[in-house]
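Heads up, there are several structures right after this.
Shared between the two complexes below is chain A, which pairs with chain B and chain C, respectively.
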Partner chain A sequence: MAVQRSDQNSVAGSRIKQFIKSLNAAWFTQERIVFAIAFILFAAFSVSLNGFFSVDNLINLMRNVSVLGILGIGMAIVVIGRGIDLSMIAVMAVSSAWTLQLMQNGHSLGLALLGGLVCALSIGVINGLLIAFVEIPALFATLATGIFLYGVGKSTLLDLDVIYLPENLGWFEEIGKGRIGPVPMAIILCGVAMLAAYLFLSKTRFGRFIYGTGDNPLAARITGIPVRVIITAQYTLASFIGFFAGIIVSTAVSAMNTRIFHSTMIYDVILVVVLGGIGLSGGKGSIRNVIVGTLLIGTLLNGMTIMDMQYTMQNLIKSLILLGAIILDSFLHPRNEETAQQGDI
Partner chain B sequence: MASSNAFMRARYKYFPDHLVGELLSKRWMESAVPTVILVAVFLYLVGTLPNYLTPVNLMDMGRLYAEFGLVVLAMALVMIGGGVDLSIGSMFALCNVAMLSLINMLGWPLWVAIPSVLVFGAALGAINGFLIGYLKLRAFLTTLVTLIIYRALFDIVLQNFAVEISGGFLDSEVWDFIGDGDVFGVPSSLIAFLIVAIGGHLVISRTRPGWHVMAIGGARRSAYNAGVAVNRTIFMTYVVSGILTALSAIFFAARLGSAGSDVGVGMEVGVLTAAVLGGISLGGGRGSVAKATMGSAIVLLITNGMLRMGMEGGSSSVALGVILLIAVGIDVKWLKNRHKIISKVYVSPAYLDLPSAPSAEENSGTPYEVNNRLKTVTAIGLGKLEGPEDVILDHNDNLFTGTRHGDIMKFSGPNFEKQEVFAHIGGHPLGMAFDPDGNLLVCVGGMGLYGIKPGGEVYRLTDQTNRTWYSVNDDSRLRLADDLDITPDGEVYFSEATIRYEMHSWSLDSLEGRGNGRIICYDLNTGKTRTVIRNLLFPNGICTSFDGMSILFAQSWNCSISRYWIDGPKRGQVEPVIPNLPGYPDNINRASDGNYWLALVGMRTPTFDLALKMPGFRRRMARRVAPDEWLFPNINSGCVLKFNEAGEILDVLWDLGGENHPMITSMREHKGHLYLGGISNNRVGRYKLENADPDWVGIDTYWGKPK
Partner chain C sequence: MSDTNQPVIELEHASKIYQSVYAIEDINFDLFPGEVHAIVGENGAGKSTLTKALAGVVPLTEGRLILEGRECNFNNPREALEAGIAMVFQETSLVPTMTVAQNLFLGEEKFFNRLRELYISAQQFLQGLNFGVDPTVNVAMLGAAQKQMVEIARAVLHNAKVIIFDEPTATLTPEEKQHFFKLLNDLKEKGVGVIFISHALEEALDHADRITILRDGRHIVTDVAKNFNRDKVVQAMVGRELSGKLYSKHASTKRRPRGKKILSVENLSMQNIVKNNSFSIYAGQITGIFGLIGSGRTETAKIISGVVKRDFFHGGEVYLEGKPIRYRVPQQAMRDGIAYVTEDRKIEGFFETMSIADNIYMGHLAIAGAGEAILSGKTHDSLAKKWINILNVKTLNADARVVELSGGNQQKVVIGKSLCQSPKLVFFDEPTRGVDVGAIQEIHDQLNALADQGLAVVVISSYLPEILNLSDRILVARAGKIIEEFSTDEATEEKIMYAAVH
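Take a look at the complex of A and B:
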């Protein structure tokens, strides 16, 4: 018996040793660190801020970040494929605003939705073509198409900066306003979108190809993966997700304010993705990282709002955190002179 | 048929197809497109907008241009180093607010405030530089984030101090001069801009730090391996960018004195567009101050013009976005495919109608009838030589020949078994001749005309000639000096086979059928070089006639031998000697019986003769077919001819089997033997001549017997 016990002890001991060993390196993934920070922040806010830890506020928090989470999915897909999409907010704002505008102009809901969708997808395809075929750096191309779309929206498509949702649209309004039990529809839609994206990225051939393309585009191309098609598809998908998020926003508040393009929302989306642990060098990460990143940002935004912090100060703090996240990312996925790609800006 | 031929002949004679490729391969062509755009936009605006050319308007535009241009220069510097700085708009806004608050709120004197703001700008740039240079973050994303950080700081400052900042009013003549003073009608800020631009140009193009920036942008890894301090240099580009932006903001502050919340918003798009449109590549390594100033002028004219025509801000940003994308797209694609495009377009065939070739077949009755007399050729240095184009022998029976590796080989001994490197020049030594002092003069392909003293010491005679003012390719350099001979007056006449191709791609010249070559004269007495005859079809062999009154020269691609009179009544005239050979002539040398030897490097084929009449066919071939599959003239089997002063063919030597000495580019008679060189051979051939003077040495016919 005694012998057996000592055996058990030693087994347990070695397991602990292994655990500690694994703590040193592998356990400290960015995802876990961020999750821990989110948890600590959450606990701190719960203790220190009045009205933070209440069901209403938490549901509110979740609903507020659900749009960020959805946009984060689109950005995650693009970033995994070694790209970035700065035009997502412009797509979200202008395409959904145009849908509302079409309805204002007396068109049917179906036609309006189709119009918005075509608008969003065409920008996605243009992004993809510019990046995959013309080989313009992704940041650059999407920055320009975002400005382009916003300018077109402002000057030709839309009458005003803020477009309101017509009344009595039935089920359509439920997308943003509805609830299933106590849970707002937006949270459920965000969850569904995340599940779908998870399955898409991990279970479908196309999803795996995105990982391959992001990890090493040249090798992927040699293997026979249609890299250019994949890249075009991933931007189109991101634009589609932007449109989807825009519909949720505009039905939730019964309007779409296109000035949101000038806000720092796109950086929030990047923050979600980068902070969650999806490396900007591509090929790494999953939807789980998006969830973690969304939770952290949600907690932070909600806490700062409850603290009644100035909007400009919030921007400053968020952008400093984003800078910290990028620096962390560069330490976790370092580049050096020997492996850096020429012209990689 | 005849009329269409005449049409084709005229079309290819007068339409300069070859200029397309030559222009495209010029670096300055890339600035030509922006220049044309600039002029077009300017003319359009002058035509449409009233009062555009008035001094007041031009002065206003000058100020706007100076402020914008300074920021574009800042961006250009960062971009040339391989980065990008999107935060300049926010830095500009922050510096503007800093300047105004220092003088209006804190009341600092200008001589303290202005340097302080410059330092402040440098500090803002240093943050970017530290993150990108030392922490190796990606420039694009990092400066995008510092853009929002700086903007947030700006917003916070403005929220709290807006009234105080805009409230004060500095009464200072200096400040007014900075804001709207001028010197002889040139705005103060424009003067500052010009000084910065000229200084910047000198730094980038003439100094070590500037070259380091260029090197890092062009090939970061190589720069690192070459020992350039990559991190520090990149850091410095951002610091300088911050200083320039601050300078621009100071002029802006002095001019307007306002701290609006939208100062600098979206500025980065305009600035990027200006830089890329001017021709500064994303990714670095390519760009100049001139390109930046050009690009900023275009963008300023466009945005300002749209504003004046009453277009909304929205459509102006759409226009900028589209221009930016198009410019970047063209830049990326052009950079990637430049070499492919140039190599496809560069070969530009012309029309060449050769008379039908005389037959060389057996029993054809022509003087060229094949025989097998070169069967008895023996080899010298077999397998130890590569590319002996020309051979020459001195009085002591030493044989000299050039090789592909740039060496001059010397063979000596009764059977030339002793081989040594006489001299190393470089390039590919081709034609050779001895001057009166016993120096060996050599035409070196890729280098020029060189001499070797009897001791083996190499010296340069000439590597350039007078530049033709209208030629696009720089024709002052000698690309392919081919063969030479010396006249009794001490003038070295040498041929340059083509001015459009380098030594390694000379065979491409055969596809053009255009007169790309020339004959150049170097005077041994004065050391002057001048071009004598232009537009020759691959001028090759050159030989001074026995009387020293003329030189004979061969043009390979039109299969002819001509005479150029250098003395006597016909001086300066060219007349045909043998107008139509059955093959492509190469070197010409003197024979012991007062006649001349001529090497035919290859025989003409009806196919290629036909192709020469179809330039369109050759152009399609050069564009669509891989170079390995192109139709080239045959240069693998030829013969040796002997002709007299009148151009009559006296003798012909063939190697029928093509085994003994297949390719012949030159031959030199020496003491009863003929020595054969061939540019793609691995040996020199030696052939015993019947009935030849066994004591005849070629040099003696030039400079007499040695005492």
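Take a look at the complex of A and C:
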């Protein structure tokens, strides 16, 4: 780039204007835009909707999105590493349902949890091996393993679509049903998971390696980062988080309905991550983006539920918000040949 | 070219601003029919922006574009092409899965598009230009020079009055280069105005009618090529006399003697790219490896540093300080002290979303022990400070993103990322490709310093003056193996080139 000179008064004025403009563009990241939209929505709902701005409803709102937030963490880790995991919902549903099924079949809680965990982790490892070593695109690998796991679950592991939680499990039930003061355990667990993921991504070497792998896998390999190990680990981690979310859901409602696999939940998870501003091209974003994305989706879903809006209409609005945020971002950060990055979507 | 002629294209007081910084500022430029006009300058001098403005790829912020006396305003490259200005990009803009003929007529096809007709007219047209390209071949199968021929043919087909080449010779072999400049002469005789950007100053001096030199987005000088010589051009480009004269073999510096034998390679083979390659590398000196593209020199370096694997059977042996090695991943090589600095920093060099400091820290983390599983801000900052200082990376702070730096500074960061792993053997693959003249000297100084410190430095380059100037020992690669070794006393450009092409 050319050196900036400031010896011409006539140009100086326009320079300052441009500087302010460039400052604004840099300030308005997608994360901030989405946060602003969430805030405006929140304010609008508070004023216009009866019963929105009450402690009960707000806690309810947070509890409803806490599972989405937890799943968002797993997805975020994978997306930062330049991948995507479409099998998360299948892992969440089948692994936790199998835990319940094992308990139904009379096994101990510990053994049942171990079974569910092994089920989840093995799918994660398979995802990782397929993507890192066989070099199948993440989109296809995880789509296939998700459908596979659901099929195995329905055909052999599980008796019914809905598996119920046996009663009198004590502390285990507290995971979904418990409260600390007025705050449901699910929210607290979501917060803890986010804090842990934040520390993992930004303060550990492993976290840095995920960013490096997502940013430029070739450079990461040449630099000496064990790229294949990192990729395998990130899918395993995502599956573990899926299992964790599944346990929260099944203890909260005392059952796991495996038909959730057929819902649009996986798109909601991707929506949270992409809306929050984690680029699909990898290497960008942090847990902050997940929080922002979760808040927006939570506010929106809650408000629309109070308004008694139809499900189809809700999806329509979600899609428009996503498009809006991405379009606004591309206006504020126009991509030309100078700023374009390799693999940018 | 005569002065009575009207220029075919002119820029008056042209400026382009990217994010409040002038990429080019108040530039006047003209091109006459039948003239070859070279544009030279350091990286970031505004050459690409200038030519892109001419070709309608980027709109000017200020100034006028005058085509044959009329003021024009192109909104996109297509309008410029229709007006007779064609640009041949560094990355070719051909569709690789289509045949040559399909590419030639892309966008011009008739409603009923018969391949046979297409091939016949393409064949006639290509023969008319005396281009030896088969119109039925897929573009993906062509070499760089042939692709360029197709691009040129396409420009001629569109009756271009002006053809702009952005670094046309960067990917060509010497013979291909000669052929290319012959083509330029043919175009010239047809009355086409040619603009080309080049990093190789000799090309501009030998083949251009006029040369325009840019620096920091401003116009420095335009004059007839005969009035220039190498020193004058370099001086105008960098705005100063280079202290140690670049690429001039200074006899005063003593060549470093061989140190300990660090690496010995025996019968190394990989598919048909590297064949029975044998050589040794010694510590405390710079070994230059010269070879044309496709001679297997990059692949050899990559095999030794674990980036690619040699053949499992009959793949040969590699000994590092007498110990046989075979790496699966570069990390293992790195831990043994072998580093490879890539020739293509954008694709496999740096992390573009990260800062300078993060990039260098990443190199350190990759070989750090288990004790550093938790990041340390202190190490991060001190490493960045140390290497920015040593390599003289020009940046305001260590947190600037690498993509915002010029090519030379990016290269320095990539080098720093490898050097912070404290290797004993470093392969520098084309260390100064796409690097501006000032930074080339600094990188060369750095390489010399490394060799003086006792490291084994290997420089792979297809630029002869660089090899001659830097090396204490010169190896020449051809067709997958090292075929000749020269001491610097006996080496001349002719001898090396003769060995490389034979």
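Definition applied: the second predicted complex is superposed on the first by the 295 of 345 C-alpha atoms of A that agree within 3 Å, B and C clash if a C-alpha of one lies under 4 Å from a C-alpha of the other, contacts with A are read in each partner's own complex, and residues count from 1 in each chain.
Just so we're on the same page, contacts are C-beta pairs under 8 Å (C-beta built on N, C-alpha and C of every residue); 3 or more make two chains touch, one makes a residue touch a chain.
Bear in mind that the values here come from a model prediction, so they are computed numbers and not experimental data.
Undergrad: Looking at the overlay, what does A:Gly283 touch: chain B (first), chain C (second), both, or neither?
TA: Touch partner of A:Gly283: chain C, not chain B.
Undergrad: Considering only touches as defined above, state whether A:Ser155 meets chain B (first), chain C (second), both or neither.
TA: A:Ser155 contacts chain B only, not chain C.
Undergrad: Figure out whether A:Ile225 sits in contact with chain B (first) or chain C (second), or with both, or with neither.
TA: So A:Ile225 only meets chain C here.
Undergrad: Who does A:Val134 touch here: chain B (first), chain C (second), both, or neither?
TA: It touches chain B, and chain C stays clear.
Undergrad: Where does A:Ile327 make contact in the superposed view: on chain B (first), on chain C (second), on both, or on neither?
TA: first
Undergrad: In the overlay, answer first, second, both or neither for which of chain B and chain C A:Val192 touches.
TA: In the superposition, A:Val192 touches no partner, neither chain B nor chain C.
Undergrad: Could you pull out which residues of chain A sit against chain B in one structure and against chain C in the other?
TA: 336-338, 342
Undergrad: Under the stated contact criterion, what part of chain B meets chain A in this complex?
TA: Interface residues on chain B, with respect to chain A: 82-84, 131, 135-142, 144-146, 148-149, 151-153, 155-156, 159, 219-221, 224-225, 230, 266, 269, 282-284, 312, 314-318, 320-322, 324-325, 328-329, 332-333, 336.
Undergrad: Mind pulling up the chain A residues that touch chain B in the complex?
TA: 84, 86, 130, 134-137, 139-141, 143-145, 147-148, 150-152, 154-155, 264, 267, 270, 280, 310, 312-313, 315-316, 319-320, 322-323, 326-327, 330, 334-338, 340, 342-345
Undergrad: Help me check something: in the complex, which residues belonging to chain A touch chain C?
TA: 1-5, 15, 18-19, 21-22, 202-209, 211-212, 215-216, 218-226, 228, 283-284, 336-338, 341-342
Undergrad: Going by the contact rule set out above, which residues of chain C touch chain A in the complex?
TA: Touching chain A from chain C are residues 17-25, 44, 46, 57-58, 216-218, 307, 329-331, 333-335, 340, 342, 346-354, 358, 361-363, 365-368, 372-375, 403, 406, 417-418, 421.
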